[in-house]
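Structure provided below as structure tokens; questions to follow.
Chain IDs A, B and C follow the sequence of writing; residue 1 opens each chain.
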Amino acid sequence: MASQQSVLTDLSQTLRETTGTTVVDAHAAGLHLAGNDQWSVSRRMLHEGPSDGVEVVNLCNGPLTVSILPTRGMGIWKAEYRDIPVGWNSPNRFPVHPHYVNLQSRNGLGWLDGFNELLCRCGLAFNGPPGTDEDAVSPIESEITLHGRIANTAAHHVSVSIDDSGDGTISVRGEVDETTLFGPKLRLVSTVSSVAGSNGFTIVDEITNMGAAETELQLLYHTNIGQPFLEGNAQFLCPIKEACPRDAHAAEGIDEFGRYLPPTPGYAEQAYFFDLLADDRGESLALLHNAAGDRGFSVRFDRQQLPCFTLWKCTQAEEDGYVTGLEPGINYPNFKADERRLGRVPRLAPGDTYRTSLSFEIHDSAESVSAVAGRIRDLQASAEPTIHREPVKPFCP
Amino acid sequence: MASQQSVLTDLSQTLRETTGTTVVDAHAAGLHLAGNDQWSVSRRMLHEGPSDGVEVVNLCNGPLTVSILPTRGMGIWKAEYRDIPVGWNSPNRFPVHPHYVNLQSRNGLGWLDGFNELLCRCGLAFNGPPGTDEDAVSPIESEITLHGRIANTAAHHVSVSIDDSGDGTISVRGEVDETTLFGPKLRLVSTVSSVAGSNGFTIVDEITNMGAAETELQLLYHTNIGQPFLEGNAQFLCPIKEACPRDAHAAEGIDEFGRYLPPTPGYAEQAYFFDLLADDRGESLALLHNAAGDRGFSVRFDRQQLPCFTLWKCTQAEEDGYVTGLEPGINYPNFKADERRLGRVPRLAPGDTYRTSLSFEIHDSAESVSAVAGRIRDLQASAEPTIHREPVKPFCP
Amino acid sequence: MASQQSVLTDLSQTLRETTGTTVVDAHAAGLHLAGNDQWSVSRRMLHEGPSDGVEVVNLCNGPLTVSILPTRGMGIWKAEYRDIPVGWNSPNRFPVHPHYVNLQSRNGLGWLDGFNELLCRCGLAFNGPPGTDEDAVSPIESEITLHGRIANTAAHHVSVSIDDSGDGTISVRGEVDETTLFGPKLRLVSTVSSVAGSNGFTIVDEITNMGAAETELQLLYHTNIGQPFLEGNAQFLCPIKEACPRDAHAAEGIDEFGRYLPPTPGYAEQAYFFDLLADDRGESLALLHNAAGDRGFSVRFDRQQLPCFTLWKCTQAEEDGYVTGLEPGINYPNFKADERRLGRVPRLAPGDTYRTSLSFEIHDSAESVSAVAGRIRDLQASAEPTIHREPVKPFCP
């Protein structure tokens, strides 16, 4: 007896392969970056299953590779630093083409069918839970589906630039339009950049109102981390002015909000809203680190630009999606009409641009984790945190 | 310091390039058309952003190029006559693949997310505003979304033919099926043709009931023009038997319905319904011309086939979509159940075909504009127009 | 006068061509199968119209070719045995890419827009008519659309294997994930296999709960046959323990449920639910044969795995879709909440797998048809059938 097997399609294998077509590298560009010379930018188009038509752009600075999804609104699918995977294992295992995501389905929760990124934006015209926004200006804007449209909208322009000043910086820039006749006309220009050889990357987003009328903006950076940063007794740290549980269920965990359970089948998600302290330049930050304190993931951002920070704890079983979210935002992920009433839905005048900047770092030593934790402690020293034990206004509606 | 930039994706640039793969031209066909020998038909597949998977077929007769979108139900994306662009600037800047258009979204107004054509069909089983058609034969047919499905349905057969009789005619023919089990089974066969060297093109559509039961048909040609034809003091002309404002807001503008404002931020759309006069052969027509009267766009059609003419005025800011619609139709774009009650939803017997024919011309001289305006005046001479100052039956429900 | 025609796109012609890229055959594999050496597996990607992006894998065992659609959840588009087409003519003429199917549309009946297969699965988390499942665990699971999601979900892994033991077996295996965060996490692994030179094929499906919580499963094999098996006076045969009409309309036809009308314009579908008899090994079967009794299509399956058999009679006009469905299932296609109440929605524990196996045969001689009919008669001899003349519990809610 003999047998033979041929594999026609294997999306998992495709995704394990890290490269694609090289767009530019030190060899091709003749630009030697002082920070590291093993940098490159490559692209690949996926053709299999639910990922058919999804493009991945890999920005590699040497030790760090950031995988960007222009097809999914310039979201960051995942990253890898040295051999440490940065991201989480969603039950949606593969990058999902937007055409497989019906935002209306599952009672307006269809966004979840495509959700598996390290970072995806919730917005731009709306985010938060689904429902009917009775205060919207028209039926075109009143139908709210979970977390908005931008993460399932494809970039129409993508470019790469390399700058050799200092250690050298590699950037990928994308433009995504969330526009419609008689509705919002918002353009996202996102630039993901990384210094050669560094342990981090920066996102600078500019959202412009392309229309002739004022328009509303909602934006939250759903930044999602699983193992090996998240584990039992992992810690979340941030400099707190005020903190508030999202709901009664989160209130039950208020004493422990900074500490994580191991994967826990049946765990029901908990979320906490924060008003963070910032330094003299207005910068704030947050850190997740593992139990041993030798692996961490941090985010820094301008508190003026992103005044609302949300912590999402979702430490369910690994196979259900063991994850926590560090989510700087313009708003909290309450229903849009509530956020509007609470004064957290800014309006952009025609031609105006809202700018955000966030820097992410991966820490792979106790020293590096300690340095960030120390900075958070120093900021905290300036003020006693107010921890609300129950949902209160203005955090909650 | 040195830097380097690479563009990975640029949909705007792709769309600015006018050619693609040549399907046929004088050289390839060995057919020299008397009207002009610089004709060609080319095709291209777009791969970027929201246009990924959209095919464009360019029919070029020499001075005039008509860009057809088989992927979007044989709609006419845009045209160009000599150097004059014919179309408008929708906030949806790019041809949108149907899979990015969820007709149900935005409270049934999702069709707007893909709307940017010079000409798109509203139909075939239904058009007009969204809602629940209580008089429909089944739940499969009762859910009405804005302007129907045909503009977001892809052609399964496309062919080109060249005929050298007379000045020579170039034609692109496409078949699009709007069918479903237990529901309507309508086939559109559309032929877009143009005489070599001419300033116009003709659309002949045949819609056939492929099913074994009678079925309803709604069809309106949403023909949309912006600058440089539309501008402040541009004029709309047609030979009027009766005219009627669509609603109270349109009634406010009844005295000025034929004259246009310049781009006007905040302008709220107005629509007018017409019963037009026709010549002895049954042909009627309408004209839009610029303020100086030296640029115009006209449409001629058979008033028997297309008895309902709608004028759509949408002179909002250019960045919001400054546009007017000249819309011959089988019906007015009222809610389908109302149109049915008013006797304007024809039923096709099994195997029956409804045929329409429309001719569009671009006028780039005062003489050419005057000739059409004169023809309209001559037709008007036969009857005093009845202008209703308020919405009345049978135009409005 | 001269003219010239070029075809740019012709999906019908593409689909008439039976081959694609050969993946493996006797020549390439060097494996000579005793049953037949004219076997092969080929694949092709469709690029036209509504089929753009749909992959077809043809499993050919010599006389029989089975066309599998990995892009449509490993459904069987059609088969051909010698020169006999096996399948039906849906008004949806072409394989429809899932992105053209909005399951929510048409009041939750949008699934019909893509339905044209010989065999498609209804499930996995739900099937049956649309509605709101008030007993669902969350809003993510309460929105039920017709016949579920699996038939419009693409396989992420597809492989072929050839085994030369016995007459030799050719298999195509695909994996399809129906998963979402906070919802069901079901994986289908389907293996379609056929013995070289034989008149049939087998489907073995394994559905595994990939999540950490119990989850529900619904599954029905919508197996659809038209001409030349179905015709006036064609017969349906099965070994009946109990039979029950689905509704009052089906009850009107109860005396004739096993006999078919010729194509009948205006025929309204009728469905019958069966509890079938099985042999000592638990195997049951059903047969459709033509009027002359010399062409038949049969299905065998394990009654323990698939306890609910539904017969769907839809003998409307050929152009509307003249078809009958032989539908083994875990459940009857009643509304999910009703099936749950009636105890027919199994729950899978974390990691558990539900296994089904079905064998289909095409019979092209009176002898072959008679043999199957005889086997059904023999099984029927063991028990008097109970034929309910009206809908009754527990078949109907």
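FYI, contacts are C-beta pairs under 8 Å (C-beta built on N, C-alpha and C of every residue); 3 or more make two chains touch, one makes a residue touch a chain.
What you are looking at is a predicted structure, and each value in this text was computed from that prediction instead of being measured.
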Cα superposition angle of subunit A on its copy subunit B, in degrees to the nearest 5: 120
Shared interface numbering between subunit C and subunit B [over half = same, under half = different]: different
Approximate Å spacing (C-alpha centroids) for the pair subunit B, subunit C: 41
Multi-partner residues of subunit A (at least 2 other chains): 53, 99, 102, 104
Subunit C - residues contacting subunit B, complex: 1-12, 48-53, 90-94, 97, 99-100, 102, 104-109, 112-113, 115, 265-266, 316-321
Subunit A - residues contacting subunit B, complex: 23-24, 29, 31, 41, 43, 53, 55, 57, 70, 98-99, 102-104, 139-143, 145, 153-165, 176-177, 179-183, 185, 210-213, 350
